[in-house]
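Order of writing sets the chain letters: A, B, C and D. Residues in each chain are counted from 1.
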């Protein structure tokens, strides 16, 4: 998971930085200058095209990215609204163990219906049940909710810290830059997953007791999610900061920064109005690609038994539970695996699409 | 032996891009004699580099493609040659040097190797040692001091001017008949430019090589070339011996160019006469003369018909204008 | 006639900018503990006075420190040493807030028409930025000023909401000029303002700069490597070599009678678009490259390439002295 | 060169100290008492005190850390908490060869598949060959590695059921032995691991190759009349491979991280499995040791890559 981040490091000679900052190398062959205004031409009704609008237009033409965006929106809606709709669509079931129970009970992700173990999809359980008779679809939707919440939480921290530290380090240099450099050195030598394993492994039981009182996320064995998120954010923000730092250094060298200083703008204003808006595209791309890492990271931790605990659900936990019986019930391991793969691929494709949209030249 | 070393007839090189077809070179014809020094002048985007790359058949394809015309080199049409025959020709009969000496040499090979490689490629049966000796000889010729030792250096150990000398050494190593120099001094300082031009001129004479010098700098042409071609928007607008171009320019664009650049020997207080507007977008269809929108002498006819390159009555001078001066 | 008037007016003009012993040394880090192991002496003791209303050309080959000099005068690069006075006020010792106020009086026009405009700002925002910083009016007044400035530089105010990438190089350079004019500065450093433009567009911008100077009474420091353009636009020209000024004279005089060997070589190296002149001219072809500013040659730093060099040139740095009236040269054997 | 090495070695020591310090601090502040866990419900206070002293846990934290560093300098990782008195090295020594074998073969697959696929894609850029190649590589690259493992397992199960073959879905053979049974065990994990990395290498190689093919010196090589073969394999490839050296160094981090999951799913008794179980058991000395080993491996990998880089690229001087 470390490697994914590398691919967008500006330090690498392979990757072209934000186009909008670049002078076209070969004007003679540069034919795609979007409609330069000819001097002879009088004022015409034509909307000004901002670089952002231009990028979004390119993104809309990218089928793969748009399908991915659709998949992501669908998964988000599924995880948020899915359980309520799903529980309304089922009738009363007469359980041999529990008597008559409504769908709001047996279609929850934690209800164990031992009369229905290891079943394939049916009208009652749309995606079948697991070895404890729990509804796989319900668990899947809960797992998605976990993945997406962790992703959002981690990215918020990641972007905030990354921009804050990265811009300060890049713009002012000095001790912040030194600290950041040392920090990223250590993180590169300390494989992210290993660190997260240590943190969650060592503080997991503590989190179970202390953090389970936190509202919303606390109950249902999800207490460790906060810990997992914190751990994921802790290893991802220095990389974001390094990326931002590199980009800031590049923007800082642009003449428009010097021009702003000549125009009497203070450092704060230059950072706020010139540096940060120009970081927008690279941060959005990096964050989108990083969501994939975060989701994989959370799933990996749960897979290793250090994340979400029973009776909670997570895609990683589902895979881990089902993989013991992969030779007898492959269906149970396929469902969460494929869902996870689709979710992660969607974010990767969207990230790739965003990168191309912001910088059409990378697409060769 | 044919009369002309090079004869370009109705050359058309287009670029097929998402934004449309860019007619970078559109119906260009000219000739070069053996040993002649020809200057091709024009602003960026006028098609001068594309013309040169078409002659040596190094147009990046896609998006570029030579869609029409013929290029006769020693009477043979280059456009009909296959790839293998073309590689035989490149570097031995036709050589080319490029604008940016900083990036034109491969950073991981020594200077000597890069010269010797060309020699090895084109001289059948030459030994590695002999090729290396030739490399050192060439480095001496382009006046790189201590050539024997410097041959083992890598490009990054050389300055821009020195690297351009190495490029000249590579280009001339096999005694080519034609040397195409695409803005060879644009990236260099004036004092270095003077060194390089002097060297190139001298060596071309010595080797009997015809020189095609592509530049945007009219001054460079004036001191180096015998004949001049002026290009604009993919067309040749004027061609003439160097003295005529500067003394009696016929095309309004040539006149405009001459009046818009400050001269070192001008009297103070003179004012420049700029050419208004900017060159046309080549991805759009141009009807009539491409210079019509900027021309001070424009007539209705110029906007409808495209003028052909015709003699303007002063010997070898040709201009593509209905109303030449 | 015109010529003479100009000469006298510049001769009597009062001093606007005074530069003394300006030095800019950039440290090179390296070694085991990333300590400074050497300095790039980009600017190494420059003295200049710029008179009110004149254009002083600053010319030299790449790496000679001419752009750094311009930036150091504007305090965009902190000078390592020396003094810069604008209207009698010492700029190098001003605290940052005071310096920011001073920026209204001194502006810059940049080389790169692509990189000098923030791609995410509209033309209006770009030109309004200095006006907002200095609170020159409310939103409506600033809008009016921006529209006026666009007209002044020959652009249609209709395009105020367009983004830089929708303009050609020449048009962008006009936008940059409008921004520099916004605060009505008295002094403008133009750093290679036309070198990124096509020849036919260069003349448009050069003429515009001259017109604006007449209209607003501007003082220019015109930095460029193209001596023909510098000579055309400047009243006086200073020639730089390896961080020092080697010759300074009225532009006509410098061309007619250069005193420093480097200036002579430089002038003779510039091609003139006239085959007759080219055929007649005698070329001085300099040997070798410009030495590294990390380790400049001792004494007169031009001596390794100079055909007149004597022992004294290797040992003693010649000072910039007035050898003729208003003609300064730093050479032991001028002429 | 010497100066560069010294500089890098100082950096290496710094990083190892940083890594161990973080791990140590985490262990020190971890909730719970390892000795108490070790002794179970019933114990005498005397025994408790003795053990605490034996493991040095009664010292202030800085002394504990200092002792750890001193021992580390002698390659002494101390004793395990879980299995009392067993040296940590004794626990690790079975896992290390297994993990190294897995990583080494995976690296071979990275290079042997990833690099050629990347080159082919770059040379056929934007044709169907490229699109297909890169489509597959993108999926392999973006998919979580353990999902890939699981899918392969499902596939093996399916094939076993259909053909009656007894291909194993888990476990590892004898390290560095290659009988047919060993190969059967090792093939799936190595391929899964290798292909995931190969996808990354293919992408990097393609980008790098395309970048190089655009360079001016490639045009020069063509203008010299070199045949396309020489242009690509002599002039382009040599330059395109330079960034790959750095990537290979960086990949070690990925290889280690990936190994944790692969070993978990395929039930391979490597260092990853040992780490995870020692974390679950809170066996700090073992955790410390594995962390140091892995961090050391990564840093050494980067160092070797740096040295290799300078050997290939004449522009870089080690200063």
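The rule is short, and it goes like this: contacts are C-beta pairs under 8 Å (C-beta built on N, C-alpha and C of every residue); 3 or more make two chains touch, one makes a residue touch a chain.
Since we're looking at a predicted model, the values are computed, not measured.
Shared contact partners of chain C and chain D are A, B. Contact count check for B-D and B-C (C-beta pairs in contact): higher for B-C. Taking the mean of each chain's C-alpha atoms as its centre, the chain lying closest to the overall protein C-alpha centroid is A.
For this pair, chain A with chain B, the centres built from the Cα atoms lie 52 Å apart. The distance from the centre of chain B to the centre of chain C, with each centre set as the mean of the Cα atoms, comes to 32 Å.
If you average the CA atoms of chain A and of chain C, the two centres end up 49 Å from each other.
Residue positions of chain C with contacts to 2 or more other chains are 168. Among the residues of chain B, those in touch with two or more other chains are 44, 276, 278.
Among the residues of chain A, those touching two or more other chains are numbered 36, 39. Taken in their complex, chain B has these residues touching chain D: 56, 58, 83-84, 87-92, 95-96, 98, 100, 103-109, 117-118, 121-122, 154, 156, 167, 170-171.
Interface residues of chain B facing chain C in the complex, by the touch rule stated above, are 43-44, 159, 161-162, 189-195, 197-198, 216-223, 242-243, 246-247, 256-276, 278-279. Residues 11, 14-16, 18-19, 22-23, 26-27, 30-32, 125-126, 138-139, 141-144, 146-147, 150-151, 153-154, 157-158, 160, 169, 200, 203-204, 207-208, 210-211, 243, 247, 250-251, 253-254, 256-257, 260-261, 264-265, 275-276, 279-280, 282, 287, 291, 294-295, 298-299, 302 of chain D touch chain A in their complex. By the touch rule above, chain C contacts chain B in their complex via residues 2-3, 6, 61-62, 168, 170, 198-204, 206-207, 210, 225, 227-229, 231-233, 251-252, 255, 265-279, 283, 285-286, 289-290. Interface residues of chain A facing chain C in the complex, by the touch rule stated above, are 20-24, 33-37, 39, 42-43, 48-52, 254-256, 258-266, 269, 273-274, 277-278.
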